[in-house]
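Okay, got some structures for you below.
Here chain A shows up in two complexes: once beside chain B, once beside chain C.
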Partner chain A sequence: MPPPAVRRRSLLPLGLVLPASLALGLALGYPLVRQVVLSLQEFGLAQQFGQPPTWIGLGNYRELLGGDDLWPVVRRTVVFCFANAALTFGIGVGLALLMARMSRVVRVATQVGLLLAWAMPVVAAMTVFQFLFDRDYGVVNAALTGLGLDYDGHNWLIEPWSFFMVATIVVVWMSVPFVAFTVHASLTQVPEDVVEAAEIDGAGAWQRFVHVVLPSIRPVLVVVAMLQVIWDLRVFTQIYSLQRAGGTTDETHLLGTYIHALGIKGGDFGMASAAAMFMLALTVVLTAPYIVMMIKQEREH
Partner chain B sequence: MNRREEAVRIQRTLAVAATVALLAVAGACGSEDSDDKASGGGPDKADLVVWINGTDTPQEARDWLKKTFEEQNPGSTLTIEQQEWEGLVERFTTALTSEDQAPDVVEVGNTQAPTFTTVGAFSDLTDDLDDLGGDDLLQGFVDGATIDGKTYAVPYYAGSTYVFYRKDLFKKAGITEVPTTMDEFVEAAGKLKAESGEKDFSGYWLPGKDWRDAAALLWNADGDFAVPDGDEWKGNLSSDESVAGLTAFQDLYESASGAAADANEADPVTPFCAGKIGMMSRPGWVYGMLTDKKSGCPDLAKQVGVFALPGDDGEPAPVLLGGSDIAIPAKSPNQDLARKALALMLSDDYQSILAKAGLTPAKESLASALGDDEFAQASIEAASNAKLTPAAANWATVEGKMILEDLFSQIAQGGDVEELAAEADETLTAELN
Partner chain C sequence: MARRTPFVARLGADVVGLVVLLICLFPVYWMVSRSFLPRNRIKGESPEVVPLHGTLDNYRTVFDDGSFAKALVTSLSVTLLTVVVALLFAFLAAVAVSRFRFRGRWAFIAVLLVIQMIPAEALFISQYKMLDGMGLLNSVIGLTLVYVAAVLPFTVWTLRSFVEGVPRELEEAAMIDGCSRPQAFFQVTFPLLAPGLIATGVFAFIQAWNEFTLAVVAMTDPEKKTLPVWLVAFTDNRSKGVDWGAIMASSTLITIPVIVFFMIVQHRMVTGLTAGAVKG
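Take a look at the complex of A and B:
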């Protein structure tokens, strides 16, 4: 180690950090401040076109939290989020472990397939999935009917639970590749000599995985799981396009589409901002355990 | 117009011309894209963007507009950007508030217009009304876009849906005459469905979310969506008359429609060309889509006949008075040029092209351009008893939030009409006031 340099006050580091922090502060801070301000105002279409808004304090929050529209949406969002995050995580990690054992050719083929799913634009994917699950001309109904099941003219989107099942398939299909790639990359970083040593010491495959491999990829798993929860909490495009294809809009709102309906469709930006603040708080609460875990890990190292 | 006004107008024109000339000189000294805000009416050369919705406006009209505008305004261009009807309210809410994004001329559904006129999204067109056609313009549309004596949008075209039916299927089902009352109509729809024996066949194609066509059943029973209540609006779907109308919708859906209960009316061509439709209510221009060689099915389209949906009393049923307005977004930087484009869209030439395509022109004097075939007759008959949605300022947010789509879809799914109607009334009352 080099000897500690004599501390000299230099403005250079500050100067290097400042532009980036300013840009970040503006890009993240302005919308947030605006959102807080809006949530405290009566801000409708007329205000959007230039009328001065009125301040109503916590009026929007009272109406939002006191009404009976929000809570079913929150329940739905949380359940959908964790179901999707868990499925994605499980399938993604499983695939990553599998990939580590595949022959080169098969692995490359799998990776190309995953990459294609990952690279597919959401709207294009949604169009394809809508075709697949179409009531009259969909492949899924045709295939199930071909198997002798009574799925002729079955409407997949009309019942909320099967609407969300289709949404889950799309969301999981699109997010598995990220998990699989990231975890696979971290698996290649597990030092082989340690695993070998454990084997020599008589650890079985399962013991090696739990006690050697898992601890060394844990930081990656935590980050991936947290990102997945955040993404699945904010899911929007998939639900929005499925709502346009069918189903009952009011029964299939998740927080993202609910806020969109309040603001952009309904022209009540004050309420929409209040709901967005609520969603922000929810995200923080739900991801807090992961963040704590991450901070702990940092300390351990 | 009196002399003083004339003088003022000339002065103003001169002032604008002078400013424009100055700007042109200034522009020559470098700045290529001069969007100087000093000139109230905007630059004399610009690239105009016109938003037209859906496929209603025929290609011939679009080509004519672009060509004529660019000939008359050398140096300027006009681009038509086609928008989807679905989600239009959302796009207006975001795009019309920003000078960079606002197009220069927009088409807006006649029932959606009041929401945007009341908040100041459109420029005041009151002074231009006379030049655009004055009393010749469809008065109901002008009234709908007028607040406190100022008019912010002008009619583009009108059109109510009327019934398309398959003559061959009528014959097969033994229906010898076109229905003349609502009862006969419902009976014919059921017969066609029974004759086909197919689950996804529609004796009368009525997707569950198509409240615009289902409105005829509501109004036919003397019901309505909402009624004025002092200065406010009150949801009226749970009144006895409305419940009767909604129940009629539920019965008709169950007995005759093969369309999905959660589908909308956006694509009638696919099921029609698949032979899955006996009757359907569509605007006249849909016939053009059916006869199109590429996207339609000209052979099946030959079997199409049309009639206006009959009401209980044998007169045409009260169907929704559909149609569009055109307006100039207040934030458009090219106000003067936009007015020129708008004037072209209301010119006799342009409106006659629309009329030929089956759209009721915005000027009464051009009604004869519709022709006198059965399509024109059905169109005129259907419009004769047509009705508008409640004239509440917030109506567009009801459409934006899909409140009626949800309601009718749930009724089509077999839900309890009275319960659903009562819930919807609460939502409507909250949304409209």
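Take a look at the complex of A and C:
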């Protein structure tokens, strides 16, 4: 429904969007411009002693893209992102499909459990999982030791692969509910009579799923998958707090924590800004299909 | 899809459902149950799965340590201020976008969509420099400023669908009955928007209450931490030996308001998918 033209020349609507626009401009627009400027400047030792930063053109970008630090971080970020997104998506969709087959009581109970996991604040979830995997007090080590395995005093955060395994468990634990609920909701929208008609025409369960159910939930699946990729690309809190709990930072940085370490901790705002611009570009590339789809939907709307 | 499911398939689905339920509940259960145990009963080997005779000592420890109360005040100030300002700004913008056609409407919508996708990590360096330059590091106002911008896209988006849900015909009928346009809007449409404002406000509350990334960047002074930043630092403080009981007690305290609010809006979390989804 395109809104009917109400007083086309009125200044009122512009006045109405003004406060929001100003807030966005000040808190996001200005920093974006500032970041481009920062990324072209050198912040070295002299600047830490109060000298104004010097212009070095694309020097930061050259150092960043030509250096050995960025690419392992990018590779790790992308692998972590897709691994987590795929796991979350697979488990979430599978669960949504199973939910339709559960008996009522179990389904409601499962949904309450999922809701709790979803509602948990990320820092609280992080602390609890750190506790579960704690070297000395953790129930995971206790349980594995109880099974006769040698996990007494095992440190889960010291090896990068097991560090990322713990991070993945938390991320997936927190993200599956959104996928499961959303896909389950879209499954309930699948027209019952069409499924029945297909059954009468002799379609088996698998055929009904592939030719009737899947096409009608495909748009939701696409959006959910894209959102997972976008969200898992920017995992910060989980990595940051696991690093503070004892992970080795150099081998566990993802883009977010890498930029944080370069800029906020290291004081090299030039390099950090260049890295942030790189992350922005990567995000734009990965989210472009989603944005295009949303705008298309908006036009039809 | 209320189809008749064969018994075996249902049994299998139920078993998976119960396993999932257990996996979802266990960390929450562990957090709450350990928060009532004294330090000497939170041990590594043979943990008490169902503890009896708990204690409130951990909660006492948390409240006696003044830093929790300080962080609570900071968190509440930033969160409530963010909710009020964001709701007001978003409401005005949502009315403009859904009730008017104007130059720049499209640009505004497109900008909101794009901003929604920008990760905080890709801008926090320059936001830090900006707040630093304005003398707004470690200030409630400074953090609120970046939070308002962070929640605006989805608050505008969600409120817009609520405004559009109120038929214009209602307003027009009121105008025929002699109301002016603003009168018609505030007396007819606005009351119908109350549920939308509440739901959107709750979304914004949860986002701001849970936010960690920007808070850890903007609030470096230990006296000015928000609760999430305080919790990570508290967990990290191993000099006295990790006091897991107190850590679980504070985690529980931080979680409670979110769970309560979450239950209020849960059905909207799912329908709000295309309205710019929310993630904690």
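Worth pointing out:
The definition used in the following text is that the second predicted complex is superposed on the first by the 245 of 301 C-alpha atoms of A that agree within 3 Å, B and C clash if a C-alpha of one lies under 4 Å from a C-alpha of the other, contacts with A are read in each partner's own complex, and residues count from 1 in each chain.
Basically, a contact is a pair of C-beta atoms (placed from the backbone, for glycine too) under 8 Å apart; a residue touches a chain by one contact, two chains touch by 3 or more.
Since the model is a prediction, treat every value here as computed from it, not as a measurement.
In the overlay built on the shared chain, the residue A:264 is in contact with chain B and with chain C. Of the two partner chains, chain C is the only one that A:181 touches; chain B does not reach it.
Between chain B and chain C, more residues of chain A are touched by C. In the superposition on chain A, contact of A:132 is made with chain C only, not with chain B. In the superposition on chain A, contact of A:250 is made with chain B only, not with chain C. Residue contacts after overlaying the shared chain place A:92 against neither chain B nor chain C.
Once chain A of one complex is fitted onto chain A of the other, the partner contacts of A:48 are limited to chain B, with no touch recorded for chain C.
With both structures placed on the common chain, the touch criterion links A:157 to chain B but leaves chain C unconnected.
When the two complexes are superposed on chain A, the residues of chain A that touch both chain B and chain C are 136, 152, 244, 264. Taken together, the chain A residues at the contact with chain B in this complex read 44-46, 48-51, 135-136, 152-153, 155, 157-158, 244, 246-251, 261, 264-267.
Residues of chain C touching chain A in their complex: 1-3, 5, 9-10, 12-14, 16-18, 20-25, 27-28, 30-31, 34, 42-47, 85, 88-90, 92-93, 95-102, 104-105, 108-111, 113-115, 117-130, 145-146, 148-150, 152, 156, 164, 168, 209-210, 212-213, 216-217, 228, 231-232, 235-236, 242, 244, 247-248, 251-252, 254-255, 258-259, 262-263, 266, 269-271, 273-274, 277, 279-280. The residues of chain A lying in touch with chain C in their complex are 1-8, 10, 12-14, 16-17, 19-21, 23-24, 26-28, 30-32, 34-35, 38, 95, 98-103, 106-107, 109-110, 112-132, 134, 136-139, 141-142, 145-146, 152, 173-175, 177-178, 181-182, 185, 187-188, 190, 192, 195, 213, 220, 223-224, 227, 230-231, 233-234, 236-237, 240-241, 244-245, 255-256, 259-260, 263-264, 269, 272-273, 276-277, 279-280, 283-284, 287, 290-291, 294-295, 297-298. Per the touch definition, chain B reaches chain A in the complex via residues 86-87, 89-90, 93-94, 96-97, 115-116, 118-121, 199-200, 260-263, 271, 276, 330, 394, 397, 400-403, 405-406, 409-410, 413, 431.
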